[in-house]
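As structure tokens, the structure follows; a few thoughts come after it.
Chains here go by letter, A, B, C and D, matching the order in which they are written, and residues are numbered from 1 within each.
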Amino acid sequence: TDDSDDSGDDGGDEATGGEEAPDIQGGTESEFFDQAEMDAQLAMRDIEPEGPADKPWEQAIEPEYVDTSQYATPGPWKICFSNASVDNPWRQVGFKTMQAEVELHPEIADFVVLDAEAEDDKQISDLESLAGEGCNAIIVSPNTTATLTPAVEAACETGVPVIVFDRGVNTDCPVTFIKPIGGYAFGADAAEFLVEELDEGDKVLALRILPGVDVLETRFAGAQTIFEEAGIDLVGAEFTEGDPATTKSIVTDYIQREGGLDGIWMDAGATALAAIEAFEDEGLDVPPITGEDQQDFLQKWQEDGLTAVAPTYPTYQWRTPVIAAVKILSGEQVPAEWNLPQPKITEDTLEDYIQPDMPPLHYALCGCEDMPGFPERWQE
Amino acid sequence: MSTTTVDVPEAGAEAGEVVPVPSAGRRVWAALGRTAPVFAVLAVLLVWISIENPNFTDPPVFLSFLKRAAPLAVLAAGQYLVIVAGEFDLSVGSLVTVTVVVAAEVLADHPDGTVRAMATVLALGAVVGLANGLITTRLRVPSFITTLGMLLILEGAVDYWTDGAPKGALSEDFRALGRGGIDDVPWLEQLPWSVVVLAAVAVAAVLLMRSDFGKRLIAVGDNDRAAALSGVSVARTRTIAFVLSGLAAALAGILLGGFAGVSAQVGDGLEFEAITAVVLGGVVLGGGRGSVVAAVAGALTLEALFTLLNLLGLAAALQDAVEGLIIIAAVAFAAFRLRPDR
Amino acid sequence: MNALGWLRSAGRRRPAGSAGSRRNVLPIWPALGIVVAVGWIAVTIDGGSFLTSSNLTNVLQRSVALGIVAVGQTVAILAGSLDLSVAYLISLSSLVAAETMDGRESMLVPAIAVTLALGAGVGLVNGLVITKLRVNAFIATLGTALILKGYLADNYSRPAGEVTERWESFGYTRMGPVPVSVFLFAGVALVVGFLLRRTRWGYHVYAVGGDEQVSALSGLRTHRVVIGAHVLCSVTAALTGLFLASRLGSGTPRVGTDGGYDLESIAAVVLGGTALVGGKGRVNGTVAAVLVLAVLDNVFNQLEVDPFLKQALRGVVIIAAVALYARRRLAARDEATAAPPVDAAGPVGPGTGAAGTPEVATA
Amino acid sequence: MPGAPLLEMRGITKAFLGSVVLSEVDLTCAAGEVHAVVGENGAGKSTLMKVLAGAYPPDAGEVLIDGEPRSFHHPVQAQAAGVAIIYQEFNLLPERTVAENVFVGREPARFGVVDRRRMEADTARLLDELGERSFSPRSRVGDLSVAQQQVVEVVKARSLDARILVMDEPTASLADEEASALLDLVRRLRDAGMAVLYISHRMPEVFAVADRVTVLKDGRRVATLAVADTTPPQLVAKMVGRELDGYVPPRAAPAELGEVRLRVRGGGNQALDGIDLEVRAGEIVGIGGLQGAGRTELARAIFGADPFTRGTVEVDGRVVRPRSPRDGIAAGLGFLTEDRKEEGLALAQSVKDNALLGLRSQGRRRTDTGSRTATVERLAEATELRARSLDQEVRYLSGGNQQKVVLAKWLALDPGVLLFDEPTRGIDVGAKAAIHELMRDLARSGKAIVMISSELPELIGMSDRIVVLREGRIAGELPGGATEHEVIALAAGSDPVGDGPAPGDGPEADG
């Protein structure tokens, strides 16, 4: 089990080479940084998405539709899904949502899932064996962008429509690539909030899950540049491996070393509570902090009236690939790059996302409230 | 017997008549001789830390260090018992995770069932230890494999059961042991419970090793056939060691869960940290030698190392590398420095 | 002198079988047969297809990575050591290979050379630390693992480099139904098997693993042997890294650890009947064990067993299998009557937990 | 006396952390000579040999071969110079074949590929030379008996074509018949022009095989004599520094025999069959037999280590069914094993902890350590144990003293029935006498004692009755003081033909 919020990223930033952003103490060099892509993402945040407002998972930002009539086939369909893994709550919630979505479509007779257990090599083999399974459509959630590209290309060549979501691949052979706005936007949402709340020279600690997960890297890269501009003092960027104990120790150490912190930035919400407790146990007020849409964080935020923001990487994006598959097999057009809206939870909207009876690690933006088996399916 | 007498120098064994048992003082000295390196390293690290962070020396800060070290120290004590008996326990890390997750599940159903939750997880730890012990001793599976398998089983089982996302949360009562403490203690301000627990465990372990059981345990690790022929029930002795290690893991889980709350990552890699700690303490893998105090000291050393690396603001990524170097260096140093006493 | 012969023939002779049965066919092979059979039935009942060439190909393909490194791990364990650093070394190797190639055919050979050299280097360090610094293998290689981990985290945050067309095709092309890379696995197994059972070096590995002190007194340069074993082990890890790079088209900093190749390889070796204490075991056992694991994995896949449950089951299988070995050994011993001292400790008897760390530092 | 010394050791001095173990020891040995080295436990015999073999560097003194000063820093160098040593503890790899063991490190090879056929052929040849046919070059050494392994060691030495062969108590674990066969072997080696250094505690052997003998005491050379010019008593006197009077204590008078304390009826398991045995209080029953006859199994079966599957065992009239050593001890049995390193001691633990292990295994009885320490001290005196302190790790004690610790462990438990398996194996004559006295005293104090011994003089001298085993069954019973001939006849199942004169015939054979 690794990154507790190991989620999407977009193919785009892979394609275009990026120029270096200045390295900072504690941070890994942002080889990911790609100004153009970042600007694009930041811009997307303000564009009104097309599609039903009450169904963000069907919305798309600036879609460029592609014709899919050649894939039209009468049901019932066999849809195959090669999943990177289900080894963290984010993917768990997402996967359940996806299964629920499948149940909404009677014409999907067979839904085959192969789980790669976070192993690139296994996912490649999985895709190879799916190619021979006679699927009508193949959905892929790649474990790693670069390394799955050849396998996905191979899958495309079988003529079966391929749908990629969450992380991207370095090829546009898939019929559609589904993702929320992206990592830069996520990182920026959080960073901008802190810049708002803090003054020049204030000390901010960045807590990261682990290195090497592309999306998490773009989140940090995004935040870094914004802190730079605002002259925020990024005193450190530490990897917690999603472990609350580690997180708490690190934060405590920094509080002692720096004699206090003015803000906490996080690339994922998993360890937000631990960070908050570190301040509590030191008898200090919790400074402005950024998290994510896990229930435990949102509830803590509400209870203690924290100064916080929760950018999201919505789990409802797990519904979209199934919807896309159905559209494609029905010959309806779909966006080539399907950019889903990526809302952030703020002071004002917090209320709407609190779901007291959901598990602490449930993600508020699952878009699953009106789905069959809610809430039990997401509770047990 | 992998011990070689060749090139092990030794003062004359032919001193004629039996000289009386040396004074307690001399025994302590002998014990230090066996374990001094770890204490030296620990001292150096602590001094260094307090240079980097002057207020490290005032009680509350130091206590919070001990508080943080407590879980690993408890784990190390348990691991020591298994290692000195000539075995391994690789399952403790996953057992810690299981403990936390299960406790959360129990508390989800019984919000104020703190005692119930603790009892449950301790029982669980004992059962897992028992399983490890029986499989190793009765089925004759090398403990490395037994506990490696158990690690896979526990991780798989708990994830399967919770769908990879622990439900429920740990009640404040439950967390008190790992998070809270006895307030308004003069001069100390707050005496963390976990430090109390740590002290208790350490004392208990020392007493245990001085007891007949302790002597049997270490004899079993040294030469199980001789022990068996002397009437020691080897299988039972080793099994008990595993059970105690399981209990220690559960206790560590309670402390860690208390310290930082629910998570499915909490136990990751702890088994190796615990074994490293024990070996840092100069305890010999393979059994039969080493003291539990040193093992616990080894845990503190490791934790001190982590703290120091953090204070030095060493690029997070490099910390592992440094840790690796230090571990090798310390053990290599011990390999030369350590001379078994007579 | 005939007196001696005559007198001893009066003494009870132990059934020669006990020796034979221990040396010949390893039980893991029949086990493989059974697993395949049961798997085939289960899958067929489930409506899937198991014995199709495409599926078997898949099984073989999946066993290559673990197989190559497990063969190396066998050598380390036979020599009375073990290597916990292979997983990170695999990651690093994949990166070094891919970055050196960087898509240029011209760099293919140099890249392979560099990567193997890297492996040899790491193995050398492991071996030196274990022998010269007298750090027991468990800690030494754990330390190396941490160092590599730190280096990776510090220098790589994502897949890097790009293998050449030809090298990538190596990972995907097949001869008939058989993936070319399987021949690499087979080749490595054959070569290492030959080294172990036919060459002096191999004899010495068994000797040192069996009893380091005796070997030393018999004039073996035990340190060199152990170092050699580690170099070979690390080189196979590097090979695995190369192979994975060809599969992934580039190198990635997590491919080794995601695959859990460190503990998995050790598990495979023991599953293959090699004694963790060293000095006893064979490569072909390891190969069979790897295939068993691959088949199980494939069957569980086909039955769409929950991945978590799968992991738990794997744990059960490993324990159960090794327990069966122990049974068998005990049986062999009984049939040999109350064994003489040398035997009684039993390769999997209690205490072998300390396996891999025979000459403990302070000894 | 043959000519110029092939081997000469001059003023060898060796100390371990200050304690001098060897001081200024001189020793010469000519080609075609067997030179015995005798001395009490801890006298320094093994250490001297380890210096010669390059296992320990000497602090002072030099080793000359063919008059050339040589210094060995590694056993291999000694081997290269033609010095082969057969250590007190075996140096074989149980998992490997005989051939692999003989040629380990020197495997014949073409381009690194071992020529197995040649290796096995050569081994077979060497085995033939020694007339050894009971096992083949392909046998797994772990499957061989002690004596067979001994032969493998010799073959190994031969294959090194060593000119100087050191044997450190080679017969310690052999039955007399095998020992005498080994002596033949030694003579052959000598006749083949080897210089043999022969360490033994067994006087008869020394006199049977050696040309000269050197006596060590406390690391000093007290004397070097031609065997012809001395007698066992004189030697013993030199070793221990005092005359040893009538060596074995008197047997029990019929009056001293009490109730039956141990009774076995129809005992059997996969190694034994039809065992009927009675031992009375005050009685010492000796168990004789060839290697592999099942003596150790008998003891283990009674004790519960490898329990009887048939028949009954009674202790003091109570039927007991020991299923494990634990039960055995609880039932009032004690078992002193023949192999102290593997089965007797926790080598890294202190003298005290070893001596108390038995008591401690019995759980919460007699727990206050004070009295326990006293117990250990008492027993240390009783067994004339020599250790620096009770906290010394036993692995640093010499062979004999280690055995005494094992003995102490069992005496601490004070069982009613004691099973001694080779109680004086590798123990010097002084300590041996003490242990014999002790056993007799124990008997007098009302204990029943079963003593397994491969040393006929001891077996005959100590036993009130001798039960002889053959292939797991009782071959017959002899009264104390039976002749060695009678014992051998029973053990072998017929009169051993062509067997050289059993070593050390004659009453005071061993002293």
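Points to keep in mind about this one:
Convention: a contact is a pair of C-beta atoms (placed from the backbone, for glycine too) under 8 Å apart; a residue touches a chain by one contact, two chains touch by 3 or more.
As the structure is a prediction and not an experimental result, all values here were calculated from the model.
Among the remaining chains, the Cα-based centre furthest from that of subunit D is the centre of A.
Between the Cα centres of subunit B and subunit D there is a gap of 43 Å. If you average the Cα atoms of subunit A and of subunit B, the two centres end up 38 Å apart. Chain centres here are Cα means. That of subunit C falls 42 Å from that of subunit D. In subunit B, the residues touching two or more other chains are 3, 6, 155, 159, 164, 225, 289, 315-317, 340. Residue positions of subunit A with contacts to 2 or more other chains are 28, 86-87, 211, 239.
Among the residues of subunit D, those touching two or more other chains are numbered 55, 342-343. Pairwise, the chains that make contact are A-B, A-C, B-C, B-D, C-D. Residue ranges on subunit A touching subunit B, taken from their complex, read 1, 4, 25-26, 28, 86-89, 91-93, 96, 211, 236-239, 241-245, 247-250, 252-254, 256-257, 270-271, 273-274, 277, 281, 296, 359-362, 379-380. Subunit C meets subunit B in the complex at residues 129, 133-136, 138-140, 142-147, 149-151, 153-154, 212-213, 263, 266-267, 270, 276, 306, 308-316, 318-319, 322-323, 326-327, 329-330, 344-346, 348-363. Residue ranges on subunit B touching subunit D, taken from their complex, read 1, 3, 5-22, 27, 30, 212, 215-216, 218-219, 222-223, 225-233, 288-289, 340-342. Considering their complex, residues 2, 28-29, 31-32, 85-87, 112-115, 117-122, 124-126, 128-129, 132, 143-147, 149-150, 154, 210-214, 217, 239 of subunit A touch subunit C. If you check the complex, the residues on subunit B that touch subunit A are 52-53, 55-56, 61, 64, 68, 71, 155, 159, 163-169, 179, 256, 259-266, 268, 306-307, 310-311, 313, 315-317.
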